[in-house]
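Shared between the two complexes below is chain A, which has chain B as its partner in the first and chain C in the second.
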Partner chain A sequence: MLNLEFLNPLILTSLTPLVGLLILFVIPATKESFCRLVALNTACITFLFSLILWIQFDSHTSLFQFSATFDWFPSANLYYTLGIDGISMFFILLTTLLTIICILVSWSSVKFLIKEYLICFLLLEFFLIQVFSVLDLLWFYIFFESVLIPMFLIVGIWGSRERKIRAAYQFFLYTLVGSLLMLIALLTIYFQVGSTDLQILWHYNFTEIKQIIFWLAFFSSFAVKIPMIPFHIWLPEAHAEAPTAGSVILAGILLKMGGYGFLRFSIPLFPEACIYFTPLIFTLSIIAILYASLTTLRQVDLKKIIAYSSVSHMGFVTIGIFSLNLHGIEGSILLMLSHGLVSSALFLCIGILYDRHKTRILKYYSGLMQVMPLFGIFFLFFTFANLGFPGTSSFIGELLVLIGAFQLNRILTFFASIGMILGAAYSIWLFNRISFGTLKTQYFSFFQDISRREFWILLPLTLLILWMGIYPISFLSEMHFSVLSLIEQLF
Partner chain B sequence: MYLLILLLPLLGALFAGFFGRFLGHKGAGIISLLCVILSMLLSLLAFYEVGLMGLNCYLRISPWIEVGVLKISWSLLFDSLTVTMLVVITVISSLVHLYSIRYMQYDPHLPRFMAFLEIFTFFMLILVTADNLVQMFVGWEGVGLASYLLINFWFTRLAANQSAIKALVVNRIGDFGLSLGILTTFYIFQSVDYYTIFSLTPLVSDYSLNFGGYTVSGITLIGVFLFIGAIGKSAQLGLHTWLPDAMEGPTPVSALIHAATMVTAGVFLLIRFSPLLEFSSIVLNILIIFGSLTAFFAAMSGVFQNDLKRVIAYSTCSQLGYMIFSCGISCYNVSMFHLANHAFFKALLFLSAGSVIHALANEQDMRRMGSTIKFLPVTYSLMLIGSFALAGFPFLTGFYSKDFILELTQITLNNNLYNIQGSFACWLGNLSVFFTAFYSFRLIYLTFINSTNATKNIILKSHEPSLYMLLPLILLGLGSIFVGYLTKDLFIGLGTDFWNSAILILPNHSYFIEAEWLNITIKWLPFVLSSLGIVLATFTNVRQTYIYLYNKIYRFGCFLINKKWYWDILYNRFFVYPILNFGYLVSFKNLDRGFIELLGPYGLTKLIPTWAYIFSKLQSGQLSHYLFFFVLGVCLFIVIIIGNILFYNLQLIFFYFVLIFFI
Partner chain C sequence: MAGGMGVRKNVHIEEWAGFRENCEHVFKFSKANWARLAVFGIAVPVGLYVWITKEMLSEGHSVGLGPERLGYQRKYMGFPPAEKKEEK
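Up next is the complex of A and B:
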């Protein structure tokens, strides 16, 4: 009798990248275009499977769906459990979508070790899908850390400058130190409860002092990933040195792991500690929003500008998560998804510029609207999406986050809203410097508008951002029950 | 039909924008013009149905955001306020479209220009037809985007770039206020729909909430936040600096966006929220004070500007001040009436100014114009009509609204309803009338009548614009003459039921009956003042009186006002540069690149080798050193054992001791 458990779309989604990976291993590295095709097809198939996840998803329940359990060490009460709910489903979709885009983006810009590069990306995709679907604390930790390995390699090997080693090192150091504390907390939890299964842990009440200690340990790991000030300085470095696809996946998904961790673990496991630490989070977020925005105003490296603006946007996300109400949390999830699309798209735009002119210093660019009108239109759209233009996805996210925060603290919201002004200032400044003004022909004399491949990469992102902004209900309605049950854990 | 009013401009924008390459200049122009004219005809129909017949229309298109109790939908609301705005917007927009097809004839990016104009029209229509605050915010930001793109239309010019960024960022400060207003509204009413808010307002009028430790009345807080939004969009004092700079854009843009429609969005917002503002006297007083100050300062600034378009821009700013303070004295319908009238004569002024600039080879400085009356007689007469209407000359359009506003302020001064804010508005409003007349006619004299300072080449080449450009001008000229007369009784006639439920004026705030019984000499006052202004302008220009130029005080005043009261410099020096420097020196260099980095990875990488070096030095290889450590260890061990017996806590003390030793 055939075991039909494998037809579970979640398992199919998780395993497809691995299958692609194995195929890639046996292809000789000299057949570069074949390698690319295999990787692209794998990513596309994975994306299709993840779309099936969305289609089959039942939005009227808060239970975990498509769940499957495998024995690992039954004697030690350790299992491997998979399952998704409304919170994690969209992150999986985002992962699978962005992987396709990453592979497409590096179609011709990566010049060496292509097979290994693609292997890294498929591995990364596999790890990320696991991170978002695994329902076991220990496994979550394992995958959360494993993501570091391919990412470290991507930054360190295919980065653009000599400085990439330092950036990769910094990236590694920060995330590792953060998560070591989490490991200690995890072991303590395991020895106390006797299980690392998430659904069991949710029904376990820790004492308040233990909650606070565990929360801090988890926080150190998630805050580095999100990143919150003062653990954020690895982000601009890593972004600036990573190849375009690396930046896309870093900004698009890796940052969301922190927010996802807060939602999945910190809030339901340690509700009292969450309420206890809310003022700390709010303070750090406000500092992140204002300081990062101000810093962004004075950056000259294009990628660093986007990176710092990411820090500022993630400040909104943490405010939303810790406002601990329906509007705030759904807003922050939506803002994370939206940021995954918008900042990825901006990094793609910058990658397009970098591919053509091999520099990321703002000073050399000016007046590109005259020679790259299509690029200009896309860049304009993404810039306005970045500053939270109504009708784009970030607006919905920011609005919901601010509504959620306003219920708790008016002054907090006031200062967070100042971030909107500064956001407009740096976004429009960046756009204006690149696209408008006179053409600096003393630096560049050859120009080329975006190619057909780049057009088809950017167009879906544009449409998605618009869809999320104009009809966000198709996203929000899937998460209502999950978020409500998450809030229920608090009270 | 109602949906088509909105969709047609969007369609036009998409066609002209994305397919402009294939349509060519003519095609793009015709398609966009056709779209907006159809939209205008439908708006007129809507005006007939909703405004004149009183059939309000509500369209629910689809849900938008639904989270918990927050339910926002895409829906359109057509009541008399909306349809009035619709007519104003679409009429001015179609005339400007017609005008700019010929005005921008030789620009290679005409399709793009038309697309931007259409986009603007679309967002403006969204703004006025929205039935909830958030959807209105879409239009609000959208017109900001369109304004940015249109100011920046000639994007290779640095000045255009700067003004566009300035307009967007300053507007964004207003948007910040508006978005806080939305949040507060939702907090108090748990809804953002207009009708829900307005019907609940009387019930929560004494509700107060805690804002940063202060207890503030909820309605007042909402009102103040909305007004911050209006300050930004409607260029009121404090955030008005973007409007004169926005004149860097092409002239049709100035006419459409920065005179007739977009800048009135703030006023529209306040009028729309009349059922809420009426319950907060504090907000009304703030409106009076800001509005009258703006009217006065802007009118004064207009007097000493030398750029043709900037004069008109300051005049716009000043007229917006009138609209705002007439909202403050609870005369929302008069404010709306003035808004509609102002749209006609201000668009006329700008478009005629465009003709002049077009004729004089893009010269904008009035000091280098003159004598154009001989070459541009039609433009001159149209400009004269516009100026008279602006100055409030009797029986022209401006007269009916502006005079009535001033009469209403007189009431607060003269009757037993005396309140200090009203008289403030009265004084400043009347003084501004004088300045308005003065700068309008200074403009006429400098541009058309005085002997010319332009070069012979330019003057000889100057000619009247073609019929396509004149047609909108003439239509607007007719509007500037007749619109006020025709619609006065409809909009502000005593006991008119045109506004239905769109505007609420509390009975104890209404002064309309008193205005009918005002002393006749007072009713003449604005006319006398404006005539004085005209006479003075004539006197200074015709007699060529140079004597006043040598007066020191006068020259200082001139200097101060010509430099726009130093608003820009103050803002730059006290806000912009400190913030930018903070961003670089403090948050980037000191914190990110200094403190955090040193405490973080770089500190660690420096510390670990140092420690390793220190520890490796302990391995010196000399027996005496090892012996010393051995003895030390034994001693400590003994101390611990004894200490453990005597004092319980010594272990910890020892631990600290070791720690200190190593560090």
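Up next is the complex of A and C:
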């Protein structure tokens, strides 16, 4: 009898990048245009499948949906289990959307090893979808680490400068060292419980001391990935050296893996430890918000400015997650999604400038509004979205996080609010430096506004940011029951 | 994307940007830097930690206390509550 399990939209979403990748393998590398078309079509089909996930998703339950289990090593009680809930679904959608944008943005800017470049992106997409859909700790770890390989290659091979090798190694080593402790914790959990299935682990009560040890081990991995100060050093380097598409995927999705890890594993598995470490997380988050915001004001590289602002925004996310209430957690998820769109759009804007003028040093740019008005309008909108202007997605996310934090700690809310002001300061400063002032014709002879392709890349991000900012309920309602269940596990 | 519009590089700007980017090459552990490190690396974080913890305790939130001690009951994410395996 025909096995219809493969018609599950989650499995189709998972497998489509792999199929595209296999097709790319057999296409000769000389047929560059065909390779691009195959990769783009694969990414579009994957996105359509992920949209089906959203359409068919039942928001009135906290149960995992589109679940499927495959035998992997049954004698050792190890299975490959997939499933999504309201928390993970939007991360999958973000992954599939940003992969299309990454392929489009590299259409003509990547000049060598195009087939290999596209293979890396499809592989990355496959790993990321798995990270957000597997319901097994061991498989999560495997895919969480596997993401490093294509990303390492993207930064190391297609990066822009000599420093790319150093940045790639820094990125690789930081995340790998952090994750090794998680592996040790994972093995200990496996030998204690006898399974790595998430749904079995949720029913298991670890002693308080073990929760604290395991939580710290998981934290070492997730904190590097988010990243929290002082584990953030790899991020500005990796962002600055990666190609535009690499920066988009790094800021848009890879940083969210840490936040997702906290939500999916740290909170439900180690609830007592989460409460125990809440003040520590809050302190690190406030430090991240304030120090990263102040550091942003001192940067000279356009990409590093956005990278440090990402560290600051991720501080808001961790505050929201560890406020352990509905507003805080929903706000942090919305903020992660919003940041995935806004920071990606800002990196795209900087990529547009870099592709034309081959420099990212802030000092060269001034008065671009006079010669690139359309670019200026988009950049203004994304800058406002970055500072959390009402009507944009970041505003809703930050507002919910602050409401969640206020219920727990007023001092925390006060410092986080200062971070919002600093965010406005560096965002407006950046926009002002680039767009207004005298045009520096001594450095540039020609200017060109955004092309039609660039316009169609930026437009969907603009509309999504507006949608999330004006009518957030269409996103919040989908995750509401899943977040409520997560909180119920704590208390 | 469009090409042929490269920047005419300015030596001074490049040097300045290089200097700002590679600050680790010129960083020295001077007395002033040690003092900055002590203030921003230790005093501010520790102060914030103490302040946040005190505020949470004064508001009656559990800090460092397991919710079990506060009489919580664990619920399950939609799954039938199976028998709990208590750790020995």
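The rule we apply is simple: the second predicted complex is superposed on the first by the 491 of 491 C-alpha atoms of A that agree within 3 Å, B and C clash if a C-alpha of one lies under 4 Å from a C-alpha of the other, contacts with A are read in each partner's own complex, and residues count from 1 in each chain.
Methods note: a residue touches a chain if its C-beta (ideal position, glycine included) is under 8 Å from a C-beta of that chain, and two chains touch if they have at least 3 such contacts.
Keep in mind the model is a prediction, meaning the values are calculated, not measured.
When the two structures are aligned on the shared chain, A:Trp72 is found in touch with neither chain B nor chain C.
By the touch criterion stated above, A:Leu63 is placed in contact with chain C alone, chain B being left untouched.
Of the two partner chains, chain B is the only one that A:Leu400 touches; chain C does not reach it.
Of the two partner chains, chain C is the only one that A:Ile361 touches; chain B does not reach it. Once the two complexes are overlaid on the shared chain, A:Tyr80 sits clear of chain B and of chain C alike. In the superposed model, A:Tyr291 lies in contact with both chain B and chain C. By the touch criterion defined above, A:Ile411 lies against chain B and chain C together after alignment on the C-alpha atoms of chain A. By the touch criterion defined above, A:Trp467 reaches neither chain B nor chain C. Applying the stated contact rule after C-alpha superposition, one finds that A:Ala424 touches chain B and leaves chain C untouched.
In the three-chain superposition model, chain A touches both chain B and chain C at residues 291, 298-299, 410-411. Here chain B touches chain A in the complex through residues 62-68, 70, 74, 134, 137-138, 140-142, 145, 148, 152, 155-156, 158, 161, 164-165, 168-169, 172-173, 175-176, 179-180, 182-184, 186-187, 209-212, 579-580, 582-584, 587-588, 591-592, 596-597, 599-601, 604, going by the rule given at the top. Partner chain B is touched in their complex by these residues of chain A: 169-170, 173-174, 229-234, 236, 291-292, 294-299, 325-327, 330-331, 367, 369-370, 384, 389-391, 396, 399-400, 402-403, 406-407, 410-411, 413-414, 417-418, 420-421, 424-425, 428-429, 432, 435-439, 470-473, 476-477, 480. Within the complex, the chain C residues that touch chain A are 1-10, 13-14, 16-17, 20-21, 40, 44-45, 48-49, 51-53, 55-56, 59, 61-68, 72, 74-79, 81-82, 84-87.
Residues of chain A touching chain C in their complex: 61-63, 108-109, 192-193, 199, 202-208, 210, 268, 271-272, 275-276, 278-280, 282-284, 286-287, 291, 298-301, 351-352, 355-359, 361, 363-364, 408-412, 415, 442-448, 451, 453-454, 485-486, 488-491.
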